[in-house]
Structures are given as structure tokens and as C-alpha cells.
Amino acid sequence: MIKENLKRGIFSENPIFVLLLGLCPSLAVSTSLVNGIGMGLAATFVLTCSNVIISMIKRLIPDKVRIPCYIVVIATFVTIVQLLMKAYLPALDKQLGIFVPLIVVNCIILGRAEAYASKNNVFKSFIDGIAIGLGFTVSLSVLSIIREVLGSNKLFGLKVIPSFNPMAVFILAPGGFFTIALVMMLIRYYSNRKKV
Amino acid sequence: MLIPVVIIGVISLILGIGLGIASKKLHVFINPKISEILRVLPNANCGACGYPGCSSFARAVAEGNASASGCIPGGPKVAHAVADILGVSAGTSEPMMAVVHCKGGTKEAASRAIYNGIQDCYAASIVGNGSKVCQDGCLGLGTCVKVCPFGAIQISPNGVAVVDADKCTGCGKCIKACPRKIISLIPVVHKIYLACANHDRGAKVKKYCSVGCTACTLCVKATSSGAISMENNLPVLDYTKTENFIPAANKCPSDCFVDLVSVRPKANIDTKCDGCGACVPFCPVPGTITGEKGLRHTVNKEKCIGCGLCLDKCPTHAISVWGAGSSMKTRQSGQRKG
Amino acid sequence: MILPKTSEITDKNPQVVSGENINLQLNISSSPHIRHSETVPSIMLWVIGALVPSMIASVLIFGFRALFLTTLSAITAVAVEALICKMMKRASTIGDFSALITGILLAFNLSPSLPWWMVVLGSAFSIAVAKMAFGGLGSNFINPALAGRAFLMACYPAEMTSWVAPKLGTISGINGITSATPLANIKSAMANGTFQALDFQDAIINLFSGNIGGCIGETSAIALLIGAVILLYKHIIGFTIPVSFIGTVFLLFWLFNGSGQVFTSGAIIVPFYHILSGGLFLGAFFMATDMVTSPITRKGKLIFGLGCGLLTFTIRKFGGYPEGVSYSILIMNLFVPHIERYTRPKIYGEVKKRD
Amino acid sequence: MGNIAGLIGISIGAVLINNFVLSRFIGLCPFFGVSKKLSSATGMGMAVIFVMGLASSFTWLINSFILQPYHVEYLQTIVFILVIAALVQLVEMALQKYSPSLYEALGIYLPLITTNCAVLGVAIINTGLNQFTGAPFTFIESVVNGIMSGIGFMFALILMAGIREKLELADVPELLDGLPIVFITAGLMALAFLGFSGLNFFS
Amino acid sequence: MARKFSFKGGIHPPHSKKKTEHLTIEQFPAPQKVIVPLSQHIGAPAKPLVKKGDRVLAGQLIAESSGFVSAVVHSSISGTVQSVGPFPHPCGKKVISIEIENDGLNEMAVFSPLLNWRDAAQGELVQKIQAAGIVGMGGASFPTHVKLSPPSNKTIDTLIINGAECEPYLTADHRLMLERTEQLLTGILILKKILSAQKCFIGIEENKLDAIQAVTPLLKDQKYREIKFARLKVKYPQGGEKQLINAITGREVPSGGLPMDAGCVVQNIGTAVAVCDAVIHGVPLFERVVTVCGPVVKHPKNYLVRIGTPLRLLLEATETDLSAAKKVIMGGPMMGTTQSDLDAPVIKSTSGILVLDSVQPGVREHPCINCGHCVHACPVHLIPSRLAKFVEKENMEEAVEWNIMDCMECGSCTFVCPSKINLVHFIRLGKFRVQAMRAAKAPGK
């Protein structure tokens, strides 16, 4: 079941490329792999924790105010992440900037809370959180690798391709859009080929 | 430690009370279906459906302006749930399927000109009424193909539209789309229809279509139930009558009928046969049932068309039809039910 | 609905069956049955023809490297388009020569000292992303050549803004001396406060002949004007966009010329200097007038030209770049759908809608 | 250099140079979701401007008078999102009740705005330093920043909607049809917007 | 020189009139057999009055109108009715027609002339025109008596006679103006009397110099003083009803309205001549002038042809090389319809038969490049390229929003399109779809 869930989170229900959720952070922070992974893990943490808590308290919450309640739960974990990052990873926190608090409004997290955690038990929600979170992290990493290599010819601060003059546009805004279009096109191409 | 708790608590309290009062005071009635749909939606308000938020999508679905499967993050699961709320899948009447009343493609039906324009049947019909001589023939430019939501219609290599019986749901979109009005619905259980819509006289039809109905009325004569009648040089099949049209289809000299069952099951006479010969006169294909009086009769499988007319005629119930498997079952059930 | 080309339809000759009234197969089609002789390739060839004077001028000014880069860019553009057509399994569209124009125009917008592989990269981007991704000629919303230039500008800002000194009259090649463009001079003069000391009078003649630093095809105003006259004469471009574009820039720089004088004859040299330098003529006559990415109505073209002019002025005067023509056209390209919507012509016999 | 110039600087920055969508990558979900049709893009844009203005003022007040005095800035995220969510819901209900026509025009976009990161984004940005003055945002500045960022959002949204309506008429290759081509469009738009970078009217 | 009248938009196609404009009208021999369709006009088809075996005379009434917007039909030869049934029609469909075999006697029915028409009542004159089965002979084939009976709430102050003949190749009206000038002017006076219009113009394109020279001197005559000459610029579609009104009076016919909404009635040259014949001589409309021309027509002609004559006979008489023919067109090259069956007959609105040797692109050669030529050419000020795209993507709401229904299908946009897109075909398809959609939505269904 865990394997299936992971597969679902990374491939068939990939939050960025398939469900098209959480686009803002994925485009904004994928300028370097470190940022991408950092963002992905932070979101995974929030997603998993909030999934667990929400599935725990789902019976206590009246239907009418469930969305505000979910948001409070999520916001709490986001604040925890913020504080943790400020304390232990200040450089990364500075890099990610405003996008750490913006995890609150990441559609993936609220979406999973509403669509999954509020209907399933704690363990299932936990697995789901991890799976979807990993899917998000993997997608972010893919985007980051492409953008960092093309845009600054570096990965973890190391030069990748010798005598390649990096195309700065890929770490700028337009490059982000082009990269995600490119990845989506490739995914579509391969899934089309599989069908045939 | 106390301050944050107090702040959050107070703010939440104020907001909660405010919202609670507001929702009472500002209550507006909304369609319960909308809230029901809203409940099954992911409520991520991501906007991927093209609507501003889940509730407006739900309203659009409830009002029939959006497709039940419009929610991208929800995927097929949500789509099914929404469809269930709408009651889309609930079918009540007899299942129907669309058929094209023409089989005269480029090989069989003559053309009088070369059409040079937009590949669309309407477009062709407004330019000199199309390039076919037959004024009721399928133009084969695929307007029905384009409107079919299920991909059930294709233009055959021969240039006529053909409906895939397995995919067709009988929604009737193609009927409205056809400029020549040669698509209609038939009950799915009936697998036979007349594939011609031409009202010209027989002699004329023969000149320009090798599979056109010549109004010879042989099919009318082949049905005893009166389920086929001639109207304006064209047989009309009445599917409400108890009739399977197999003999009629076999009688047609121009091969105008289409039988969607490729191999019909054949009649078989078992050992209960006492050789009374009561079945012989009812067989529409002379020489199919043979045998001496008093001895077990046999069916010539080459000739038998599987119409089943002999079944009820046997006093000893010695005749059964078998051979071609599943598709026969549907036909027989339809036939029995009438 | 993907429509087959006419040739494909008529190739599929239906079988002629003898019968009633049939003895010859006439074509049936919708009216009208006669057509004007002008075709898309003929329009494109005229544009290419109109670019030839500038090409010659660029060789005279920057040497054969200009020709080499232009050819390279054009070949890349055509090759990429052919390749993408093949990948998309669509009929090749290189026969309409639009890719060739994109290639040439891109090169005209690049510095003659740019490394050759950057030209190839930009040209490939122009065609693949800005044009073919949208479905090819007619479907792109943004000028492909300028998008390619903006792409290279974002990728390699340093290389894109290093210029070589012109060598009018010698065609031996680039002399390797780096030089600034007239607009960069102004920009830095404004920043340093030495604007009043600039000598505009002397520069004007060089601007006309093109004996200045700058992009391959943009320096020689005379050559560009010759091309523009050809296009105007053939009715391939109208006056609306170039006149409103250049006119706006002229008026705005006459108004805000930096000398504190407004609309005076003494200050008129500055706007002249501005319209002759940089890519304004190239942009106004050859790129803003790109049919696909400019509004279809005359009123729309006027608004488009005014907008381009205003943006060019804004970027040159207040922006981060010395030159604003290409960005202003790109930005106005984004507005085209709205301009077209709001400048719909009043139809014959229009009845006021009763709400 | 008066106050007005500073506000204009903020405005230009928010609309053109640091456009939320095209250079800051904030508010992308609605940008791609609601830009199919011009009419809904306009409605959404108006609603965003309204809510962003409102949210900026409320969050600035809360931040300055509650969070900062008690040194609990770390509660920012929770408090802001709570306020925004409640605000949006209140506005929605009020509109639905008192002005159904306005609700039809704007209200239906409101639920989408709660989770629009642009609103929370601008609230958080307003707690930082004003890059033009180097000092913290004043109340007026933060409201102007909120409204102008909303206008920038609407500006990009409307441009996108116009282009997408035109794209409906194009023969986009199958591999790119749908969202990929919209991303490419957004990329090209962002490329064009680079032309605004470094824009400064008051040097 | 006098003022030249024109409108905004339009195109300049090659005239291609040199071959036939100097050829006098020849009587085409009555054929062995004529096929007279019962539907030669806009409106309900006529009801046949004869049956198989009946003997009819030339000019005899053989079908009565079945409503107000309908027209009667006369036999064009004397002979025996062979059958009443579906026969090929120039529109491509089979239409109920009367097949008459010629007995070679050419016996005429008895006509009742009305020489003192000036004293006759307006109603009587309209009656005469209705009884003669006259329809608009320029191609639209709208029953003339309907046009001449405007509802009481509409005042007509201007009568315009359309002598523009802006379609290339066609010279039928041109020849009529030269050869039957007196009848033409008399017909105009009759029309003017019926409408009691204060103003009356005859508009002629300035490339028909001989026609202008034939008409204008007569206008100085006391008899014809009321008719004013308007010199029209050579431009297509100068002869379009709405363009002509705009060019001469400066008024615009409201969108979706009729010329009478602008206080105008426009009549064709051929119609005016037919009105003169019908009123003064009592002769019904059973023959008309047809230009037979085109690159593969060996001996182009202006023929006076009996209605119901199969096209094939006309092409044979002019020794047309049918093996080289790619298209046979009834009408002009800009708005005419292609024929798939040469047995289709000449009808009341057939102004010309063209045989072309080229197949123009039926759909497109290149994608639209937004050049705007179609926008400048459109006399209705539409954006044809946009409309075509809307139709192609089946976005009918937008197409209606962008005024697709105002298109008059003149073909100017398609003529100038460098991408060779058949915009008119797309727009016609779109109009057809919109009408079908509206019919489906209409209440009562």
C-alpha cells in the first residue's frame, strides 16, 4: 500500500504536473536544487502533520467551519516550520523568503486535507501526506535541476558541464515558465507513447 | 507563553462570533444540489476547472453549464460522484443506438462533381448540395464524427459514416448534426436497419448507386407482421412490432440492409423431431429445412439465415437456434420481448 | 478541425461512375471563383527584398561577419521550422518564407560581435518557442524575432550589449574595437550629468549613413528607409504604425529633451538624434508592422504605434536599458487582442443595441 | 521627493517591475485557472484588488498594534490567514445578501481568493521594509502596495485572457495544447516584462 | 466632371468584360425541351397549373404563386407538358419543375398590353408586374411585386436603378442599356410611378462609357427628366444593393433591415426592362439575357435565352471545350454558384454562364497572417478573417457577437486574401449553423 501510494503521489497524481497545484512555490523557488528540496521537504512536513491532525480531529469539527479550522491547523505547522528554519537553516530561510509562510495557501495542502484527510483514518492520511509531499519534492527537484543546470551551470555549487555558458534566463521568471512547459510536454509525450 | 494563546484565542473568538452572526443574518438560500456537489469536490479552490472556485464550478455543473468531469484535481472519482448527484448515469428507457441510413460510399454511389471546400457536411451541402448524385446519401465529410462525444462514429475508408455499436450511447447529437437527416436511433436489441434513405424511383437509383433501395418491396413481402411499410419509395421499419427483420434483410436484392451481427446463429433440429413438417412452409429460404415426412428433418446450415421463424412452429419444440454466441442472446431476448 | 490543403482534396479524385447526367466531373466550390494574385510567399519575398539594402549596408559597416551571422540565423530558423513541422507531422511550412524573415530580422537585432552559437540559439528559440509552439505562422501572438532577442538578452546580457566600432567603407571585417551605441552614450551622459556637453549635430550624419555602433541591421537609416519605401509602395505595410510609432517618440523627446526647452527649434536636434539611433527605424518599419502580431484594424494600428512609441520613450528615458524599441514592441504585442477587441470597426448599418 | 513620489514608485514597482505574477510567481493558480475568458478574468481581477486592499489595511493594523507590541511576530502567518479567510467570507456573505448583482460580478471569485497566495503574500510583504524608502511600510503605503499589487495581478490576468482567447483560434500542436502552451505564453509575457526592469522615474 | 459616387471598402477585380461587351444580344433558338423550375425566386415555390400531356403556349401561365412572397411561372415555349417532377436546378438540389417538349410552332399566348400606363392606378401596375412573374434579375431573385409594395409605415423616397454590373465577365445589363435604352427608361418611369418616389437615380459604373453615352442624352428629354444619372466609381461590389444606396444617397440600411428601411428601393436594369415589357406589352418574363463567357468558351455571346433552356445547349452553341472546363458557374465569378449538372436550366435570375479552366483553392493555402486585407475590402466593415476562425473553431456565440450575420457574401475578402482562404465559405457555413441553432432554440419547437 505504501508503494502504491508513493507511485500515485509521484506519478499518477503528481501535484505539480498532473494536478497543477502549488505552482507558485514550485516556480519561484526552483532556481536552485537546494531551494527546491528545502521547499519540498518543508511542504511535506506541513502536509503530513496537518493530514494527521485533521484526520484525527475530523469528527470534532462542524462542517460549516471546517475550512477555517483546517487553515488554522496548517498555519500552525507552517509557523513551526518557519521557526525551525529560522533557527537551524537561516540561509535557506532567507533564500525561500516569503514562500515559507505561503505554504499555508499552497492548494496542495488544503486540497489533501479536504479531499483525503477529512475522509480517511490517521495512518492512511499520514501515508498520503508523505506520498504527495514526496511527489511535490521530486517534481520541485526536477524543475530545480533543469533550471539550475541551464541557468547557472551549477548543482550544489559545483560546475556541471564544462565550457557551457549558462543561460541566465532560466533562473529568471520566464525560464521558470518555459521549464515547466517543457517538463509537461515531455510527460505528455511519454504518456502518449505508452498508450500507443 | 500566555500572550500568543490569548491573541490567537481572542482573534479567533472575535472572528468566529462575527462569522457565526453573519452567517445567520446574511443567509441566502442556495440550490441544495450545489452544496451537495460542493461537498464531493476537493474544495481546493484552485481554479483549474476554469471557474472561479469550487462553488461556482458546482453551480455551473448543477445548472448544466459545465461537465461533471471538469474538476482536474478531483479526477475520475470526483467526476463519478458528481455525476451520481446529478443523476446523469441513471438511464430509464430502452437503450438506443444511432445508425446511418446509407452505405453508398465512393465505390457504390456515383459522384457528379468534385467538391473542393471545407471538409464539413454542412459546408458541402451549401455548395451545390454536395458532390454525390444521390440527394440523400451520406456526404462522408464527418460532421457527425466531430459532434460525437464518445468517438463512436468514424468515416469508413469507403467514405460513409459508420457508427460503432459498442461506443454509441444513443445521445442523438449526430442526428441533429447531419444535414441530410439520415441518422436515426434504433433500439440496441435490433441489430438490423435499412441503410438507404433515397426516395427516388428504382430505375433512377440503379443508375447512380449499387446499394440503393430500388423500392422493390421484397422486404415488405418477406415480413408477415407488417412491420415494414413503403412510404414514398422507401421501406419504413417499425421497431415496435415483434419482428427481427432477418428475412427481410436477406431478401433485399440491392443489399440495402445492414446486419450488425456478422454471423447469425443457425437453427438446429434435435431428436425430438417427429417429422411433421410443420416448420417447412414458414422457412423464408426455400430448401433450408429438408427431410421426409415422419423422419427427423435437417437444417441446411449454409442456407439458414437464423431468423428463428420456425422455432415457435414446431409442436415438439425440437428446434433451437445456436451457434454464434453472445450477440445472439441479446437479439433473442429482444425478439422474445418484442 | 484540421483542414487538408486544396491540393490534397483534389488529388483524391472520386471514382467516376457512369449514370444519369454524368459525363464530366466539374468542381463545385463556394464563390468567389477568382482571386487576387498576391500570395503569402510573395508578400514575404517582398519583405526580404526590402531588407536587402540594410544587409548591404551592414556588410559595408561591420564587414562580412554581419552577413555570416545573418545567413547563419536564417538557415537555423528555416531548419528548425522544417524539423518541427516534421516532428508535428504537419506539412512543411518553410515555403512561405516567414521563417527566413524571422531569422534575418533576429540577426539584424544582434550585435555583430555576438558569438555564432548564440545566434543559432536565439534563432532556434524564436522559431521553436515563440512561433511553432503556437501552431506556426499566423498563430503566434508575439514577434518571434524580438522574442528571440529578448531571450538572448535575458540569457547573455553582457555579450548582447557589447558593440564594435563601425568601419564604413572597409569590408575587411570586425576591427575588434569595442564601442558604445549612441543611445548608450546618452544614457551614461544622463547618469553622469554630462548630457549638455553631448554634440548631437555631428552625430546626425553618421546616424543616417549608419556609421555607428549597434546591431547588424539597425544602424543605417538610409538603407532601412529604402526598404520601407519598397514595402509602403507595395502596400505590404501601411503608414499608420511607423508614423505613429516614430512620431510619438519624436514628439516625446522633443518635449522632454533634457535641455529644458520644449518644442523649440533649438531642441529639435535631440528627437532627431533619438529617432535615427537605435533600432527605431528597423522596429517601426519591419517589426512593429509584422502583420501577425499587430492589430488588424487601422485604428488598432494607430493605438499600437502610439503605445510602442510611448513605451520606447519610457524605457529609453527612465528604464534600465538604453534601447527600448524591441521591448516596447513585445509589450504592445501582448495588448493586441485587447486593442483588436476595442477597435472593431463600426459595421455598415450598425443598429445601436437596445439593452 | 514627496510622499506622492514614493507612492508612485511603489505603484510602478508593483504593477510593472515586480509584477506579482510575472516576476514574483505569486498568485499563479488563479492566473492560470481564471484566465480562460476575459469576462471572468476581469471579475477575478476586480475582486482581488478589493480584497488585497482590504486585507493590506487590516493586517497592517493587526501587525502594528497587536503583534509587534507584544513581540509575537511569529504568529503572523496564523493570524493573517485567519483574518484574510474571515474577511473574505464576510465580504462574500455581505455581498450575497445586500448586492446580488455585485456578488454575481465579484463574489463568485471570492472563495478562490482565500487560497490565493497573492493576498497573504502582500500582507507579509507589507510587514517587511519598503524598498523605496528603506523604512517599514506606513499604513498608506501598505494599502497602496496592496491595491497596486492587485492591479498588477489583474493587468497580467487580463493580458493573459486576451491572448488565451486568441489562442483558442490557433492550431496549437497536440503536445502543447492546454496548459503547456499557457505556460509558454506566460514565459513570453514575462520575457517582455523584463523590458520594464530598472524602470525609475525619480532618479 | 460630375461627382463620382462610391462607398467605403471594396476591391478591384479584373473586369474581363472585353470579350462580350461589344457583342449585340442574339436570340438563342428555342430548345427541343425546356425544364421550367417552379422555384426561381426567394419564397414559396409556385403551384403547377398544368399536368402531363397538356398543351401550353409560349408565355402561358403554368404555375401560380402560392403566397405573397412567391412568383408565377410561365411557359417559355409552345409544346406539350412531358412531366411535372424533380429535375436538376442550378442550386444543386432537385426541384419540382415542369418539363415541356417544344412543338416547334412557337405559338404565343395572348397578351394584354397597357399602352396608357400613365393613367393606370398603382395597384394595377403592380398587378401587371406580379402577373408577369417578374423577380429581381440581378441574382437575388426577390419577387419584384413584393419590393414594390412596401408596408404603409415605410415611405420610399428614392428609387435606384442598378446599372453598376460590377461582377466581372457579365455584360447582360450593359447590353440592355445600350440596345433597349428606351424600354429601360420607360420601365424606370413605371417603377417610379408605382413607388411614388420623389427621387430616381440610374447608377452606371464609369467603365461602361458607351452605356453612359447612350443613356445620358435621353435623360435630357422632357419625358425622362425625372431620372438622374449617377456616375459610379469602378469598384466591386458597387452593385450591391446596400452599397449602391450608400454610394448614391449616403444612407445606410440598418443592420438586419431592408433597403426600404432606408427609404430606398433598388431595381436591376434587367428588371426594369422586364417591367416595361410586362406593363406596356403585357409580355410575361419567359426569356432573359444571359452572358456566356469564360476562358474556355470559344465564342462568347450575349444571348436572349428562353427560361428553362439547359445550360448544356448554351455551352454547345458557344463551342465550349468542356474537357478543359474545371468549373461551370451560374452568375458572376464573385458570387455565382458552381454547377455540377449541365442539365440544370437557365432561370429568371441567371445573368451569366461562366466556364473557368482553373480550380481556385477551396479551403486555404496558408494560414491567416492577419494582414487585414479582408478588413479593408469588406464593404460591410466586418473582420472576415476573425469570423472564419470562429466558424472553424465552432465558436458560434463569438461569431454572432462579431456580426457574422451581416455578411452579404460578396466575396471581396476572399478575393484579396493572400493566404487564399475561402473566407466566404466559412462565413456561409457559420451563418447556416447560426440559423440552424436559432431554429432549434425558437419557441414552439
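Order of writing sets the chain letters: A, B, C, D and E. Residues in each chain are counted from 1.
Operating definition for what follows: contacts are C-beta pairs under 8 Å (C-beta built on N, C-alpha and C of every residue); 3 or more make two chains touch, one makes a residue touch a chain.
None of these values were measured; they are calculated from a predicted model.
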Query: What's the overlap between the neighbours of subunit A and those of subunit C?
result: B, D
- line: Touching subunit B and subunit D alike are A, C, E
Field: Chain closest to the middle [Cα centroid of all protein chains]
entry: C
Message: Count the C-beta contact pairs for B-E and for C-D, then tell me which is higher.
response: C-D
Message: Averaging over Cα atoms per chain, report the distance between subunit A and subunit D in Å.
response: 22
Task: Mind checking the centre-to-centre distance between subunit B and subunit C? Centres are C-alpha means, answer in whole Å.
output: 55
Query: Just how far, in Å, is the C-alpha centre of subunit B from the one of subunit A?
result: 46
Query: Counting only residues that touch at least 2 other chains, which ones in subunit E make the list?
result: 92, 337-341, 359, 362-363, 367, 386, 392-393, 422, 425, 428
- request: Find every residue in subunit C that makes contact with two or more other chains and list them.
  value: 1, 3-4, 6, 9-10, 21, 26-30, 129, 135-136, 138-139, 151, 154
- line: Among subunit A residues, those touching two or more other chains are 20-21, 67-68, 72, 107, 110, 169, 172, 174-175, 178
Statement: Per the touch criterion, the pairs are A-B, A-C, A-D, B-C, B-D, B-E, C-D, C-E, D-E
Message: Under the definition above, what is the set of subunit E residues touching subunit D in their complex?
response: 367, 386, 389-390, 392-393, 395
Subunit E partner contacts - residues on subunit B that touch it in the complex: 112-113, 115-120, 122-123, 126-131, 135, 176
Task: Give every residue of subunit C touching subunit E within the complex, in rising order.
output: 1, 3-6, 9-10, 21, 24, 26-36, 38-43, 93, 96, 98, 135-139, 291-294, 296-297, 340, 344-351
- request: Using the touch definition up top, name the residues of subunit D that touch subunit B in the complex.
  value: 29-30, 32-34, 36-37, 40, 43-44, 62, 66-67, 70, 72, 75, 78-79, 82-83, 86, 89-90, 93-94, 96-97, 108-112, 114-115
Message: Help me check something: in the complex, which residues belonging to subunit A touch subunit C?
response: 165, 167-169, 172, 174-175, 178
